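Input: one structure, supplied below.
Chains: A, B, C and D, in written order; residue numbering restarts at 1 for each.
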Amino acid sequence: MTIIDTVPSVFETVESEVRSYCRAWPTVFARASGSRLYDEHGHSFLDFFAGAGSLNYGHNNPALKRPLLDYLGADGVTHGLDMSTTAKRDFLQTFRSTVLEPRALPYKVMFPGPTGTNAVEAALKLARKVTGRKTVVSFTNAFHGMSLGSLALTGNATKRAGAGVPLTHTTQMPYDHYLGGRVPDFLWFERLLEDSGSGLDHPAAVIVETVQGEGGVNVARAEWLRGLADLCRRRDMLLIVDDIQMGCGRTGDFFSFEEAGITPDIVTLSKSISGYGMPMALTLFRPELDLWEPGEHNGTFRGNNPAFVTATAALDTYWRDSALRDRTLQAGGRVEAALRELAAGHERLGMSFRGRGLVWGLELAHEGRAEAVCRRAFELGLLIETSGPRSEVIKLLPPLTASDDELDEGLGILARAVRHTA
Amino acid sequence: MTIIDTVPSVFETVESEVRSYCRAWPTVFARASGSRLYDEHGHSFLDFFAGAGSLNYGHNNPALKRPLLDYLGADGVTHGLDMSTTAKRDFLQTFRSTVLEPRALPYKVMFPGPTGTNAVEAALKLARKVTGRKTVVSFTNAFHGMSLGSLALTGNATKRAGAGVPLTHTTQMPYDHYLGGRVPDFLWFERLLEDSGSGLDHPAAVIVETVQGEGGVNVARAEWLRGLADLCRRRDMLLIVDDIQMGCGRTGDFFSFEEAGITPDIVTLSKSISGYGMPMALTLFRPELDLWEPGEHNGTFRGNNPAFVTATAALDTYWRDSALRDRTLQAGGRVEAALRELAAGHERLGMSFRGRGLVWGLELAHEGRAEAVCRRAFELGLLIETSGPRSEVIKLLPPLTASDDELDEGLGILARAVRHTA
Amino acid sequence: MTIIDTVPSVFETVESEVRSYCRAWPTVFARASGSRLYDEHGHSFLDFFAGAGSLNYGHNNPALKRPLLDYLGADGVTHGLDMSTTAKRDFLQTFRSTVLEPRALPYKVMFPGPTGTNAVEAALKLARKVTGRKTVVSFTNAFHGMSLGSLALTGNATKRAGAGVPLTHTTQMPYDHYLGGRVPDFLWFERLLEDSGSGLDHPAAVIVETVQGEGGVNVARAEWLRGLADLCRRRDMLLIVDDIQMGCGRTGDFFSFEEAGITPDIVTLSKSISGYGMPMALTLFRPELDLWEPGEHNGTFRGNNPAFVTATAALDTYWRDSALRDRTLQAGGRVEAALRELAAGHERLGMSFRGRGLVWGLELAHEGRAEAVCRRAFELGLLIETSGPRSEVIKLLPPLTASDDELDEGLGILARAVRHTA
Amino acid sequence: MTIIDTVPSVFETVESEVRSYCRAWPTVFARASGSRLYDEHGHSFLDFFAGAGSLNYGHNNPALKRPLLDYLGADGVTHGLDMSTTAKRDFLQTFRSTVLEPRALPYKVMFPGPTGTNAVEAALKLARKVTGRKTVVSFTNAFHGMSLGSLALTGNATKRAGAGVPLTHTTQMPYDHYLGGRVPDFLWFERLLEDSGSGLDHPAAVIVETVQGEGGVNVARAEWLRGLADLCRRRDMLLIVDDIQMGCGRTGDFFSFEEAGITPDIVTLSKSISGYGMPMALTLFRPELDLWEPGEHNGTFRGNNPAFVTATAALDTYWRDSALRDRTLQAGGRVEAALRELAAGHERLGMSFRGRGLVWGLELAHEGRAEAVCRRAFELGLLIETSGPRSEVIKLLPPLTASDDELDEGLGILARAVRHTA
C-alpha cells in the first residue's frame, strides 16, 4: 500500500502549527468502523491508538450508533447545559446500576465539562476546598491535562513551558519503578510528610494514574498503589485516581484501580466514558466530599446529551457482565506474548515491553527509533504512536473489541515495522 | 400550566450538589425543537436562554440535523483527535470562505479542545509565549471560564474563591460604563501603562467581551472598543476578544467586534460555533502569532467531527448572505421595543434595560426580584436566567431563528411574570 | 572647589556593579558631623539627603553619641537577639512615654529585624494572618522595600523586574493626584470593593506612604488620607502606614499621619528611629492584632542594642516637647519659600515643587535635567538625589537639625546648580 | 544561683507576643564580655549560643571595641548608604587580603543590606537574573530567612505558614543523611534533572548550608558537598552556599565549605562577619555573574560603617594566620569528647551527638526533653538553645574565643542539666 504524503492545502494554510497527530499520519481520514479507519482514498488503517484511549469500544460501534441515531432523529435534547433530561437520567441510573452499585462505590457524580482537563480541574478545586490546603502531589511523568491547573500536575517539560507562567501549588514524587527499585516505596514521600521541617506544605491531595499512558506506559504495581492509598489515609491526604485514559475497561476492570483493591476519594473519567468518542467527562467523589455550592464550578457543555445516550448504551452493552473484562485480559495476554517474542529477537537493541490489560508499551532505547517504527507502521497500515519523555515508547491501545485476527494483524505489522527500521 | 416540582431522585441522590440550572428549572426535559423545549410530561417551554448562547440556530435545527444524521449513518469519523479528516477539511474551507475571507480576516485556526475555557487557556498560552510576558488584563465582571487560567480572568468572587489557590498574573480594568461615565475612557489604564513606577507589569494581552453576558449584559460602546484596540496597539499589548457567547451572530454580525471596526489579534469562539449545541471551540489568531510548537497544546476532543459537520452546515445555511444578520437586528429592535414599554411601566422599581442584537438584559434593582421573575416565567412556560454579580439582570438570549410570534409570546410571558412578582 | 573624580580601585575591582550612590558622589567620605560630610581630602559637603531620611538628627549627633560611647565603653550588651536587655527596656519605656502615650496610641511594638523591608515583611505577614486573606493593596509609585514580599508592593518597574519571579498577591490603586484630579478620590477602589464581580479578591490590607519619597515626593492630602482610612474601616481592610522614610519627625509630627488625624492599624518605622543611622526597625500594631506565635517571625539582628541606646537618647532629646516639630515646620517654610522663588524664575522649564515638613521635591520635566543638577550640586558641595519613575524630581531631605544658615547655603547651591545646567 | 522569673512589665505590656528568646531566658541582661552575659542583678551566664552564631569572637571583644570607639569618637561616617567611605575601603581591602586572596577566591562583594535574609534575597535575585530561570532548590530542614523569598527556601512548617501566602518557585531535596543512608546520594535529584518528564522545572540554583544550624545541627559530609557541587556543574545550576551561620570560622576554616574543597558560585555571609554582633551581611559571587544594574537591589543600611570597622578589626586580628582555625578545631575536639562521654552514660535515652568545628548538637529523642535541659541549664548559668523540627536537638555554639576552662564549665553545666531532668 502506498500513501501519498501530501497534506491538503487548507490544513497547511489555515490550521495552526500546533496541530500534531495529523503530521504523523499524513492523510485525510473519511470513515471509521470498529478497529479500522479509512482515508478518502479508501486506504484502510488498523487503529491501535483508538483516540488515545477514547474508543475502547471501537469506532462507530453499532450498539451505540443505533440509539444515538434514534435519539437525534427523535429530536431528543442535544444541548442541555446541566438541566435534568431523560438522557442524563438514563445515564445516571445506568452508571449507578452497572458501575457503582456492583462495586459498592458510593460516589457522587459531577459533570465538570466534557473534557479530561475539566474533570481534573474540578477535582483539584474540590480537594482544595474540602481540605483548605493548596499543594497537590503528582508523579514523575504524569499527564493530567493542558489547562493551567492540570498542567501544573503534568511532568512533560515542553508542555509545562507552554504555560508561559510558573506552575505552582504542585510537587512531584517518584512514580513506581522511577528510581529503579533502589529505594523503598514512598520512603522519600513519607519522610517529607512526617518531618515538620521538610518544607513540604501539607498536601490537599495526591493524584495518580495507575498506568501512565502519556508518560511512557509506566505500570504501577498493585502493591505500590495500595501503599499509596495507605499513605494518603494515614497522612490525611485525598487520593485522586485520574482514570481518564486507563478507566472504562482499558486494563480489564471498569476502573483501573479495582485490581489493587483500593477506593480513591476522587476519580476522574473521560475519553471512553461516552463510548462513541464524543466529549464527556465525570468527576466522582465520596459523598462526604460533596461540599460544592450550586454552580461553583460550571461550564456550557456539561450536558452533552448525545454523549449520555451512547454512554448509557455502552454501559448497558458491555458492563452488565464480565465478558468484556475477561476478553480484555485474554487479548492482553495475546499482545504480551507477541511483544515477548518480538523483544526476544531484539534484545541487543535495548528493547523492552510492559503493560496491563490492553495497554502496552514497547520501549526502544535508541533515540528516534520508536518514532521511525511508527512512521513505517503507518505506511504499512497501522496507526500507533509514541509516548514517554523522549518519545521512546511505542504505545499500543487497540480497541477492546478488536478481534484476535485484528490483534494479530496489527502485531504483525508492528514486527515488520521494527524489522524495516533496524 | 402547572409544573410538578419534584426533582427525580437519581439527580438528588447521585448527581453532585454543584448542579445549578436544573434547580431553577425543576423538571426533566425530553425533547427540543427550534425555540422550544419539552419536558417528559409534554409541557412546552419557550427557550430564551438557548444553551447560554450555544443554540443561536435553535434546537435541533433541521438544516444541521440532516447532514449530521447522514454523517453518523455513513460511519464518518466521529472521534478524530487532531487528525486530518474530510469533515475538518470541509469545516476549515467553509469557515474560510464564509467567515474569514469576506471579512478579510487573515486568522489561523486552532482547535484547542471543545469548550470555551480550552479556547481561552490556549489564547493565554499563546499571548504569553509570543510576548514573553505574564500579566493579562481583563475587565470588571468578565467571565472567561472555570479552569485555572481562565478563572483568573473572571470577576465573580464566588467562582474565583472556588479555585482554592490564589489567582495570579491577571489584573482588572474598568469595563465601559463601570465608573458611571465620570472618568474618561482608559484614563487609569493608560496612566498605569505610561508610568514605569505604576507597579503594573507590562501586560502580554488584554482580553475583553464586547458584551458581558454573565457579567450582567453590559454592552461596550463601539467607540470604547476602538479606544481599547488603539490602546493595545500603541502600548504593545495583544488584544483578545472572547467572542464565545457573543460571536456566531448573537449581536448581528458573525463576530461581535465587527460593528466597532476593530481586528483583534486573537479571538476565541465556542458555544454556537457547532450550531447544534455540540462541544466545539476555536482559537483564531493573526498568522504571525502562530509560533506554536506541534502539540505544545493538545487535548483529546479537539477533533469533534460531528460538530464540524453541523458547524459547516450552519455556516453554509446562515452565513453565505446577510439574511440572518438582518433578521437578528430586526428582531433585536422588536425585543428592545417591548422592554422599553415594560420598563416604562415600572420606572419606580428601578427597572432598566440594555442590549445589542439579540442579547438583552432587564435589570431589576430590588434584591431577589430578578430571580423571582425567572421562577415565575418558568411556571408560565418561559426559560430565562439571571446574570450580573447580584443576579440582578434578567438575560434574554432567544434563538436568532425565533419567529416574531415566538418573540412576542416570550416577551408577553416576561411581562406577566414581572407583574405577578410585583 | 574641585573634586577629583577617580573612584578608588578596590571599589571598582571588588565591589559589585550593583553599587549606586557611590557613582553619583564619586569621592571617599571619611568623617561626618551634623549637616556635613567630609571626604578624605577634607572637602566638605552639605548633606541634604541625610541617609535617605535616616539622619533626621544629623550625623553623629552629640546628644546621641555620648550615651552610645558610654554604653559601648561599659560593655553594655551589643548583640542581644531578642533577649530582654536594659537597653531595650529603656527604649520601650521611652518610646511609650514620649511617642505612644502622648498620642494615645495603644500600639504593641515588634522588632522585626533592623531594616525597613523587615518591618514591611512582618506587617504583611501579620495582616494576612489576622485576616486570612492574601491580597494587599499598594499605590502607584510606592516604595516599600526590596525583599520579595515588600518588592511586590513597590511600583518601580526596574526594581520589580529584579525579582526574577512574578510578584503576586498585590494590586495597585491610584495615589492622590495620580489621575490629575479628574476622578473623585477612591471612586475606582470603592467600586471594586462593593462589586462582587469586580475580580478584586478582598484585600487583607492597604499599605500607604503619606508622602512618597522614592516615588517622586508625592504628597497625599490629609483629606485623601482620611478618605482612605474611612474606606479601610468601612470595607474591612487593615490600614498600614509605611512611615519608614516620613516618620520620626520628617514631616513635623513624629508620625507623618498625625496631621490627618488617622490611626493606622499597623505602622512601620525604620531609618531615623535609631537616630544615629544604625540599623533598626519597628512594626507597630493595635494590640488586638497581636496574634503572633512566639518566634513565628524572627531574625538575628532584632536586638541591635547600640541602636536602642541612640534611639532612646533621640526620643529623650527631641520628643519630650514640641520644639523639633515646630522647628521642622518653620524650616520647611524656609525651604518652600526658596523653591517658590527658584521655580518662579524657571517657569518655562516646567519646574514645579511640592513638599511637607522638611521633605521637598523639585520637579524638572526635561529628561535628564534633574540628574544634571544633582551632579553639579555635588561639585559645588551639596549632596542631593533624584527620585520619581524617571528620576525627574530632586528630593530635599536636609537634617531636621540643620540651621537656617545651612539651609540657605544648600538652597543657594541648588539654585546655582540649576542655573549652571540651564 | 536563683533566677527570679518575673518578666519586666514593659516587655509584657508593650512588646509583641512574637518575642521568643526572652521567654526561654527570663531575665534582663545588662552587660556582656567574652563568653559571658550578665543580667541586671549581676548574675553571670556562660553564653554557648553566641548570638545564634553572631559572636564568634565573643561579646565586646577588646580587639574590636577599641577601633570602634576610636571611629565613633572621631566622628567617622556612621551611616553611609552605599557611598564610598574610608571604613568600607579598609574593609574591602582587608577582606580581599585576608579572605579572598589567600584562598584564590575571585568573588565580587555585594552589600545587600545588613541581615542574612537580605543576603539571601539578593542571591536569589542574581541567580534568577543570570539564568533566566525561577526554581531554586533547597534542602529539607533548611533555614535561609524570614522575608518572602528566603522563607520559601526554609523548611520549618510553622515559619512557612507565617507567610500567609503560598511559597513558590522552590523545591526541596533530601539533605545528607536525610533518608538514613538507604538511598545513594542525589539519586532522586539527578533523576529529576535528567528526565524531561519529571515535572521539575530546571532550577536556577541550589542553596545549601554545610551544617544546618536551625535544622538540628545536621552536618553534611565533605563527600556529599562535593557530589552536590559536581551535580550543579554538570546540570548547569548555580551553587549557593548560605554560610551565614557556619561561616567566619565556626567550623574551623573561614568558610565552612573549604574543607570540602568546593568553590560555590554565590556565598552569603552575615552574623559574625561584623565580629561585634552588629548588623552586616555580604553576598559574594563569581565576577562573571556580576550582571547587576546599578541600584537594581538596594537598601538603606547597606553601609553600616561601624560594622565595617569591627569587621576589619576582626579579620586583621583573627584571619592573618591559622591560629583561630587551629584553636577552633582543638576546642571542637574537647566538646566532642565531652559529648561522647555524656551520651555514653545516656544511651538508653536515645541520646546522640554530632558536629564540626565548634558547632555541636546533642539530640534527645524524648519529646520536650531538650527544652527541659535548656531551661535547667539557664537556671544553672548556661545559655543554650534547641534546634531541629521538634526542638529535639540542643545546639552548642560557644564563642570561638572561649577558653578551655569556659568550655569545661559549660559542658559541666550541660551534663548536670541532663542529669537533673532525667
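One rule holds in what follows: a residue touches a chain if its C-beta (ideal position, glycine included) is under 8 Å from a C-beta of that chain, and two chains touch if they have at least 3 such contacts.
Chain-to-protein mapping (UniProt): A, B, C, D = Diaminobutyrate--2-oxoglutarate transaminase.
Keep in mind that this is a model prediction, so the values were computed, not measured.
Repeated interface: A-B and one of C-D, B-D or B-C share more than half of their contact pairs by residue number, and that pair is C-D. Between A-C and A-D, more C-beta contact pairs are found at A-D. Spacing of subunit A relative to subunit C, judged by their CA centroids, is 58 angstrom. Put simply, the C-alpha centre of subunit C and that of subunit D have 30 angstrom between them. Distance between chain centres (mean CA atoms), subunit A to subunit D: 50 Å. Those residues of subunit A in touch with two or more other chains are numbered 134, 158, 165-166, 168-169. Interface residues of subunit B, counted against subunit C in their complex, comprise 134, 138, 140-142, 153-158, 160, 166-172, 174, 178-179, 182-184, 187-188, 191-192, 195-202, 215-216, 388-390. Interface residues of subunit C, counted against subunit A in their complex, comprise 165-166.
The part of subunit D that touches subunit C in the complex is made up of residues 7-8, 10-11, 14-23, 25-33, 37, 40, 49, 51-55, 59-60, 65, 68-69, 72-86, 88-89, 92-93, 95-96, 100, 108-111, 113-118, 121, 124-125, 127-129, 134, 145-150, 152, 158-159, 162-165, 168-169, 204, 270-271, 276-279, 283, 285, 290-301, 304, 306.
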